[in-house]
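Across the two complexes that follow, chain A remains constant while its partner is chain B and subsequently chain C.
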Partner chain A sequence: MSRFLKGVDSFETNERKQLPFYIGLVGFGLIAPFLFPNYLFQIAILWIMILFAQTWDTMGGQMGYNSLGNIFFFGAGMYISAIVQVGLVYDVGVYTSAAGAGKASFTPEQYYQGIIYGTLAAAFGSALLAPILGLIMFGLRAAYFAIGTLGIALAAGELFGAWQWVGGGGGIAMPVHPGTADARAEFFYWFSFGAAVITFLALKRLYQTRFGLAINAIRDDEDKAEALGVHTLRHKIVAWSVSAFFLGISGAIFGNMTGFIEPLEVAFPTVTFGIFMVAMPLLGGKGTLWGPVMGAIVFHLVKEVTWTYLLGWQWVALGMIIIITVVFFQQGIMGWMKEKWPEKFGVVIDQTATEARNKGAAE
Partner chain B sequence: MTSSVIEVDNVSKAFGGVIANKEISLTVPNGKITGLIGPNGSGKTTLFNSIVGYHPIDDGSIKFEGNEISTMRVQEIARLGLIRTFQQTRIFSKMNCIDNLLISIPHRTATFKDMFRSYDPETLDKAEALLEFVGLYQKRFLIAGELSFGQQRLLEFATALMNEPKVLLLDEPTAGINPTLINGLIDRLKRANTDFGITLFVIEHNMRVIMNLAENIYCLAHGELLAHGTPDEIQNDQRVIDAYLGAH
Partner chain C sequence: MLGNLQLLIAAPALNVQLLLDGILIGAVFALSAYGLALVWGVMNVKNLAQGDFVIFGGYLAWWLQKTFGIHPIFMMPVVMALLFIFGWIMYVLIIRWVIDRDLFTSLLATFGIAFVLQQLLNLAFGPEIQTANSGMQTRTLFSTVSVAEIKVVSFILCCILAALIVAFMKRSRMGQAIRATAQDPRAARIMGIDTERVYAFTYALNAAICGAAGVLIAMIWVIQPFYGITHSIRSFVIVTAAGLGNLPGVIVSALGLGVIEQFGGFVLGAEFQQVAVVGMLLIVLIWRQHQMRKLRQVVQ
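Moving on, here comes the complex of A and B:
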């Protein structure tokens, strides 16, 4: 993505041209609770999907490190927030071993306090786990990195399953939202909407800095970037850490929204969310700002529609999307548009400079 | 007085049983253009790779401005101001030309916080000026991977200059370039040396180019240093002629 286009018009640097997208998306986000009050949970998941796609794209699209283990930070954030939320009021070990007894209750004040601290801890905790894993994993490149990170996510699921203090395979029942069912749905809707918007704006801002350019350079040719003296490891760790920060938040939200967390299906669902977060940016166009957002919307729409109307075929449909994207449509929606209309993205020969030069040569 | 900026002393490097460099000693004088020639497989690129830290050397010492660099890593050496270009041109193929140059701002003093800064207008101006210098200004918004091979070479050269190196190691800068463009390139290399004050150390196969460019030339053959001298001396050195004609 070219950000430093002086004197040329590009969709990616011209905020006015992106305005319809902002209005459409944020507008939908703001009025959806009033138009579709019965689908709030599904739309909340859409925002989380958009967050997934964006944070994966920071690694896979912008930096070229295809992580299959980003779901680890989602699960880690979920568990961190659960431990903080429960731990602020009860002893975590006692609480989890009494799971299902239903005696643990939280006052509204305890609940909201817990969810705020829990989410913050999840964000920063995940962001701190990334450098630790990064120092080990960034020795690997390309497919090895993908497989290595997949291993982390799978191992995490198993490890948390064996960790009795946090409930082991039995999981943790999260504190229950004190309001009515509707109030609860609305609370989590706004929470996930806000998280997705903040993630988008933060990443957008980040991609406009030197950092954004450097991770693109790492994607194109890491050895060359090293040969130019770029601090590659520093950039890679920060990229993963930023990605993990927002994934941690999404994990905290999702854990509370679901109400019950368990290692394999909810916290570290490698084959569902873990794959979705890769498939969505690929579909939308990796390495672009809006691609992951578009990919997430299309993917989620297809997912929800097939789940409702073609039950039994939903996995076939999602599998088809992935196969078609990978085999026939690797550039994704945004990538395709960039190929089709490069001039709209500022990929142009500077005609005025060419003319000036020709004129100069003629004189 | 010309001091030497790179001092290679008795450097050996073997890959398994293949001895690529054997006890090579040479110096690159500051502010000059030095050439490195030799038949295919004589160990030129291996020596370059050793200097810039691509692989550890087996024996010997490499000094840059008097400091030992043979145990340093690629990025650290690059940050000292020792930049190389590649025999197989390497550019950031999915980024436009301006971005290719902006990546290459000197990273010597880059702090952690600098990552999150944008580029100053002066840096942008400098990038544009360098693209003008290599004749790619009009194409600055094009994706680098879509440029012709020769243009990619020029872009790589501009990228290297953007880094404000003290020494630039060029690995066959004219390979694969249209003969009519070679003169323009020689001119630019010389200007990089005189106008920007960059010391050049050039591997080259094209004899016309290197004889035109370098003030003194080292010749390698079979991983050993064969000869050293001015272009005239090298051209008339029977050992060099034999090496190229395959008398060894």
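Moving on, here comes the complex of A and C:
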């Protein structure tokens, strides 16, 4: 997991063993637009789901702070990008109040400029919101932290619904992509694919540093970590900022992709996306690099399949999956594989030591 | 917003009105919060499905009234019995497996129950807002304060239920077993108490209490499949503010929350009523944290 543990030959540290996964996933990402041109939207959502799972795992899996309100940064990023994108060209208040009446147009140049600045603003804006919330929330431990963050996400949805300047409960119509429908789908596909890959690489690099070890120490025993000189509050805030940074980007992408922002269902869907992003890393195996990715893929596949065949009952099925994962399968896919093939994960039974101990016991 | 504040100062009767409404509705909050405190204290499970049990009870009452035409108040024992069975089934299927696990697991598992319940209610009854018709009048007191009779009736019912529950916990064999298990499960087992059964009974009793609260909510307020989470948050605010095993505290903070919510909704606007609830949650959590910090300094 860390470069300090490089001597151990395990799946988590050995790049060569992970190579098939890299090739499979990136290869799929690269050829998917040509194989499944009709499902680009769904596959783009898959990449966003992978991003969700990874950013949640930074907090929940690596640092042991189970947040139920990470969706807050997703929605905040979405609104920040919307305000920047619209605000560069029009007055936001006028734009939102005129929604439906006059159609505001953006030239292609304005559109692309807006989306770049909007995404950047969303990323850094969300990352700046994290310390502010962190100072309030990080005094809370365990279940109180989870409930508190859930409260923040719920409150944010209601507050944005009451804020008329950004459209209130009616929402904002995002600038429309200038190209054809196909070009639009492809644009957002590559955008979300790129975001997921960058997130993966960035988090992987982060877990290899001293910082990664420090947040793992906080997970294992916060008081001991503090006694050893780890500035826990600072580390916790930085970790939350990192996940907020990427969640902000995903929010900006998703807002533009759906084309319409609404506070409760799209921007702050606490009981859908907000809970999915917790269930996915748990399903895959939290605290691992590949677990969240696998969990997101399996979860999204199940979701899309049930969507097609279970008309109306898909949400119930998803809820059941969440319950079963949480209650009966919390070690996740990675944990299960670790039990099944321990030698692949660097768990070595020292034969000589065991024999020596047995001999000692016999005498 | 300031205009509303000035209105409050100019018309004292309005304050009385909001205060009364808040207290009458807060009594119903106290019921479900007591259920949460019970489950939390006895089996250390934080039940995020609390509000959805309330809504479920409300829908049962509403549906029974619609189908058989019986007044919801008379249906209350039936709803409580149904919810009791439902709670027992939930315990056997899910809760039993999460009692010994970390707190986040129980939180998430009950959140999953809430999710499924919401969706099932949505499939069965549709997403429209419903109210069970109590067929009672609204009276005007002193020609300024209007009081819906059903709210007064529900307040009285809450008091009766609370008294019954307290008597049950104090006097009955099962109530004593529950309290013994809450104090020390291991010792209770040694004394021959089937703690597994006590846990199941506690969870089922909680569901039944929520069902009763739901019947009242359906009559004095509105129900909708997705309103459960706000009720859950309310219960959490009340229990966190009061502390566990503190019945007077639960009652006081429930009534207080009801009043704060009414005033907040009036001063800030109706769309901020939910924000007021969540805001109270954050305030209570931060206040608790502040107290803990003081405690820590003493230790140092």
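By our rule, the second predicted complex is superposed on the first by the 342 of 363 C-alpha atoms of A that agree within 3 Å, B and C clash if a C-alpha of one lies under 4 Å from a C-alpha of the other, contacts with A are read in each partner's own complex, and residues count from 1 in each chain.
The rule is simple: a residue touches a chain if its C-beta (ideal position, glycine included) is under 8 Å from a C-beta of that chain, and two chains touch if they have at least 3 such contacts.
From a predicted model like this one, the values you see are computed outputs, not experimental measurements.
J.: May I ask you to decide whether A:142 touches chain B, chain C, both, or neither, giving the answer as first, second, both or neither?
T.: The answer is second: A:142 touches chain C but not chain B.
J.: Given the touch rule stated above, what does A:223 touch, chain B (first), chain C (second), both, or neither?
T.: Only chain B is touched by A:223; chain C is not.
J.: After the superposition on A, what does A:302 contact: first (chain B), second (chain C), both or neither?
T.: A:302 contacts neither chain B nor chain C.
J.: Is A:211 contacted by the first partner chain B, the second partner chain C, both or neither?
T.: Only chain B; A:211 stays clear of chain C.
J.: Touch test for A:235: chain B only (first), chain C only (second), both, or neither?
T.: first
J.: Where on chain A do the contacts with chain B and the contacts with chain C coincide?
T.: No residue of chain A touches both chain B and chain C.
J.: Note which residues of chain A are touching chain C in the complex, please.
T.: Going by the criterion above, the answer is residues 66, 68, 136, 139-140, 142-144, 146-148, 150-152, 154-155, 158-159, 161-162, 169, 270-271, 275, 278-279, 282, 312-313, 315-316, 318-320, 322-323, 326-328, 330.
J.: Can you list the residues on chain A that touch chain B in the complex?
T.: Within the complex, chain A contacts chain B at residues 2-6, 8, 206, 208-211, 213-214, 216-217, 219-221, 223-232, 234-235, 238, 287, 342, 346-351, 353-354, 357.
J.: Which residues of chain C touch chain A in their complex?
T.: 46, 94, 97-98, 101-105, 107-109, 111-113, 115-116, 118-120, 122-123, 226, 229-230, 233, 236, 240, 269, 271-272, 274-275, 278-279, 281-282, 285-286, 288-289, 292-293
J.: In the complex of these two chains, what residues of chain B are touching chain A?
T.: By the definition above, chain B touches chain A via 52, 74-75, 78-79, 83-84, 86, 90-96, 98-99, 102-108, 110, 112, 114-119, 124, 128, 137-143, 159, 163.
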